[in-house]
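Labels A, B, C and D are assigned to the chains in the order they are written; within every chain, residues are numbered from 1.
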């Protein structure tokens, strides 16, 4: 336990530089993007003078490092400032948008695991069988499937042809849970295809490795049934693999939602950051990046803690 | 083949010209002839009644809900629900009609008097009187955060000349003002709210329009609810409007097909097929001021040569372009104003027939025997890319090779208009209530939408001023004809087509009429069933 | 110290520590060792695993940098040299590892591997280098058709011969042999050891022979050092040390030796070492062998035994050296 | 060499099939102007969104262009995009990973933190930012994707390097006086690169999908150049009228990604000595 705490401490001390780096990199990247938000803000009534005025009033004429420093200073005081585009506090926007994306990602993750784990186990316990071939082929297909294409097909089929699901938008989970799930179903499904494939592939290969190990062969020789070996030894050992997969998957799903949200016109954080990035709405981009980095880091931390609990040797390394 | 096409163009042009505006609208909107007055809409089916909430799919998040601080042309649909304008406009022809101002007059060319309708209340219960109007006009023309100062450039002073009268002093004759006051500049906000809320008024506005602001979930939804104290008797019909922001128009239309929304606007004419195929949806369309066009930078080669600019106009097959990109459902454009507009000069309609050979000859005369490479600026969205693909193919036939550099709207506008990158720009002109603004902003010396910042020919300046000095509509028409001739002969722009407003709604929605500005208003809409 | 001339390698108060993940703690793998190796001799180092003998061997060929003290190569401290000079000079000090397989790059042919030192030296034309490499291949008893094969096609013994051939190409002054036969089949160990002996005679080589196997070390060495927890416990001529060990640890090693030794080398009784070797991060106070010493006394916990030369060339670090072992025999 | 590849392909029908598919695709891409029945940009406003026919085997698109011809002409762009992105990722990622792994110490600390930072937010977001900075277009888009992939490769190479640099043959080489460059090039690279080769093959598929995603968002290929992702994006706008428009480019992307993946997996098995033994 001592080691675990120390590991958590070490990881926490690494978070600050990672956050600083990530936000700085993004801030720097946006600086390189030509054009600026003053033009958007000036809109139809743009004049050169007006654009210069707006630039000044938003502090966009200050040097890059000054802008970053002032953002950082405010962020340290938990003030993520306001969107240039909508004048809405960034924190409000994030708190408003993230649940939508997280619902989809969460749902996709659950589907990936619920479908992927049994399939992975089935395939691993009968390697080389017809079932195994079918499952692995399906997994290869899932990995190669462009998820936004799948999203399009799902919309065309289940939303437009059959009208079983809504084609667009989202509903807050707190507002109407059943409607929220109905809205999230197709996007989550589009994301989950890749997720299921990933879980199946990783789980299958990890299980096969364990089941073919000397140790398990000895157990089998002692007369233990495959099922009990699987439950008692295989899955416990494989849970570490599964944790890794979950970590990878969440990161990947968060990324994939960007395009899938575009297909379903879901006001999630993906569309938020894409729109903000295109318009150089710094405060929003920075806020969302910060939130994403924090989520990913916290998740990784959680996974590392779980690793040490499942396998104490990891922590000592 | 070619002559056939030309015939087709001529025939369709004939159609445009042949119909009078009302008949034209009626044909397109499936509506009976409209009187164009406020009482209007004595519609055939059913009688208007109160109640219900209209769910609208809107294509863009507003830049701000304060009329003075926002900038996007797409904001108006939101603003109209909450703000009434001093001057209103006739849906069909865009001529000015009374709004919050009962009447107005020009006692002399540089004095403009507005008589404010008595007894109108803002949503917060304060009076919309002459003092409030003065507050708004002063804020709009000189406020620090005002984005519409150029609109009221000619106003030098606003005085309250009676409890319900304001008098504007002008630096020069400006007969464009009434229609300017039908736009943002004429939208009245509660002075108390503006003062109390400061910047927050952008997101929490108070006007005197038919509906009151309820909530704005950014890029997601805006909700407004009935203003019980609205000054027009019996209006509005709708208890409220919920505008869901769905930026992808195909997705937005899908939401109406799937029954999540009742109404969608700013569709592409190509989507008519989709609407027609969907059960229970009605397509509504009508011409608008929205002009898809190629901006040209005439300040430097190659477009400083009038022959090259004319070649650009001859080499494009507008009928084909309309067919390919709009399913033939828009109005091919030669001028910057559509045929239905009161200031449109019909004499110029055949100025640039499709003639790639003539384009080649003009280019050869200008010294480009082997054709010419043009660097164009454009946008990345699918519709823009489709237009680019069509234009690249068409211009290729006249030896004009277009090369596009694309980006987001803000980035590319700045690139072409401010940073002077590229020779031309495939974009659009969204139109202004008064046409003099359109011409001023596009062709005036120093205008932002004129990247050269200089007049192409010296006659432009006087012609522009003449359009704002003439007082009655007929003499203004003549002034615009002169200006339009100048712009067309010098080929300062390549107008391609006027996009038709394409809206769709389900069977519940009644009484909706499009307007020439192309920015829907819901004041006459009611729900049935 | 016996022998004339300057030693090939000299270690002075050599200490090597590794930082651990746990804040500030250090594994003191080699913790104060002095010795000198004379030209032409075979200096054996024996110890259990964890005693620091492999670390010592790696330090001698500059794969590890001393944290304290120094290693002298023919009188020069290699760490005072410039990087390029060090690269040039270190070729005279070679090492052969325990795992013959891991020492060969699996993606290089045998010929490429043997020729590599010559390639690095780049002192002769390619054809000459090839010729030399093939000559060495022949000298270690392998046919020339091995030249184009890859390591995985060879047996462990063959691979160890390749490693020997490879270091011989640079004509080193000293070869550290780190458990060179431990990974090989018992049946071929003698062959390889004989090869080492033959080569020593032929090329006048000097060996630092590291092993945990007293049988091996006694077989080949002229002098032996016994290492425990980073320190030498005893050092002396091979014969004297095996016949008359001065340190209880040496005695224990000798008595535990499973390989039949000549009766003269065998102790009267078997001493079984109790427990595990303690952690090198925190060695016991006083004599570090005391926790497992059958003859532990009070003084052993408090005072560190001195490194004494009891008989000429025979050093020991034990408070009771001479008395304890002498009595026990 | 060729014979052993053929033998390997024969024993792995899936991998063999993928290889044949990809080689075929390459040939098609090279011969596109010869093979394609029509010009990919030839438009016909009177024959838009047509169903498959004898003239147009898989129909026409929104501007009346032959879809088959556009698919064929889209192949070079698509392959170019994938290989460009992966090459960029290799050129950036591999040296950085080698350096971090081999030098260790503060260099490794700094590089590892940067990698962590870059990997902690979704790749597509980073790609959009980089694309914006470089300017929109296929080449820039794929440079962006390559840059975004590079930390993944760097991390993998670093891990491999950490393992390989412990190998005894590296120590041996050091004893022979080998220079840093020689050690990295002769010993570490060849032995660390194997999983990288596999990863690169798999990345080709990911790059392909990234190209499609970027083009879908309008940040990839620009007109009039055809690409599968751009075709899909266009098809999306005609989903209600002509849903069949999205099948052909989608299937082309799917099959190519599948082929890269299958090949990558087969390579993993073929190159992994522990799997070979089994």
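Quick notes
Definition applied: a residue touches a chain if its C-beta (ideal position, glycine included) is under 8 Å from a C-beta of that chain, and two chains touch if they have at least 3 such contacts.
Given the structure is predicted, the values throughout are model-derived calculations rather than measurements.
Farthest chain from chain D, judged by C-alpha centroids: C.
Interface comparison, A-B against C-D: more C-beta pairs in contact at A-B.
With centres set at the average Cα position, the gap from chain A to chain B is 41 Å. If each chain is reduced to the centroid of its CA atoms, chain C and chain D end up 51 Å from each other. One simple way to say how far apart two chains are is to compare their mean CA positions; for chain A and chain D this gives 22 Å. Chain geometry summary: the mean Cα position of chain B and that of chain C are 90 Å apart. Multi-chain contact residues of chain C (touching two or more other chains): none found. Counting only residues that touch two or more partner chains, chain B has 254, 257, 407, 411. Chain D has residues 132, 135, 217, 236, 239-240 in contact with two or more other chains. Contact residues on chain B toward chain A in their complex (touch as defined above): 61, 63-64, 70-73, 75, 144-145, 147-151, 199, 202-203, 217-220, 244-248, 251-252, 254-255, 257-258, 260, 407-415, 417-418, 430, 448-449. Contacts from chain A toward chain D in the complex involve residues 14, 17-19, 21-22, 25-26, 29-30, 32-34, 140-141, 143-146, 148-149, 152-153, 155-156, 160, 212, 251-252, 254-256, 258-259, 262-263, 273-274, 277-278, 285, 289, 292-293, 296-297, 300. By the touch criterion given at the top, residues 33-37, 39-48, 50-51, 57, 83, 85-88, 92-93, 96, 155, 159-160, 163, 166-169, 262-265, 267, 271-272, 275, 278-280 of chain A touch chain B in their complex. Against chain B, the residues of chain D that register as touching in their complex are 41-43, 45, 48, 62-64, 132, 135-137, 217-219, 222-224, 230, 233-234, 236-237, 239-241. Against chain C, in their complex, chain D makes its touches with residues 167-169, 171-179, 182, 186-187, 190-191.
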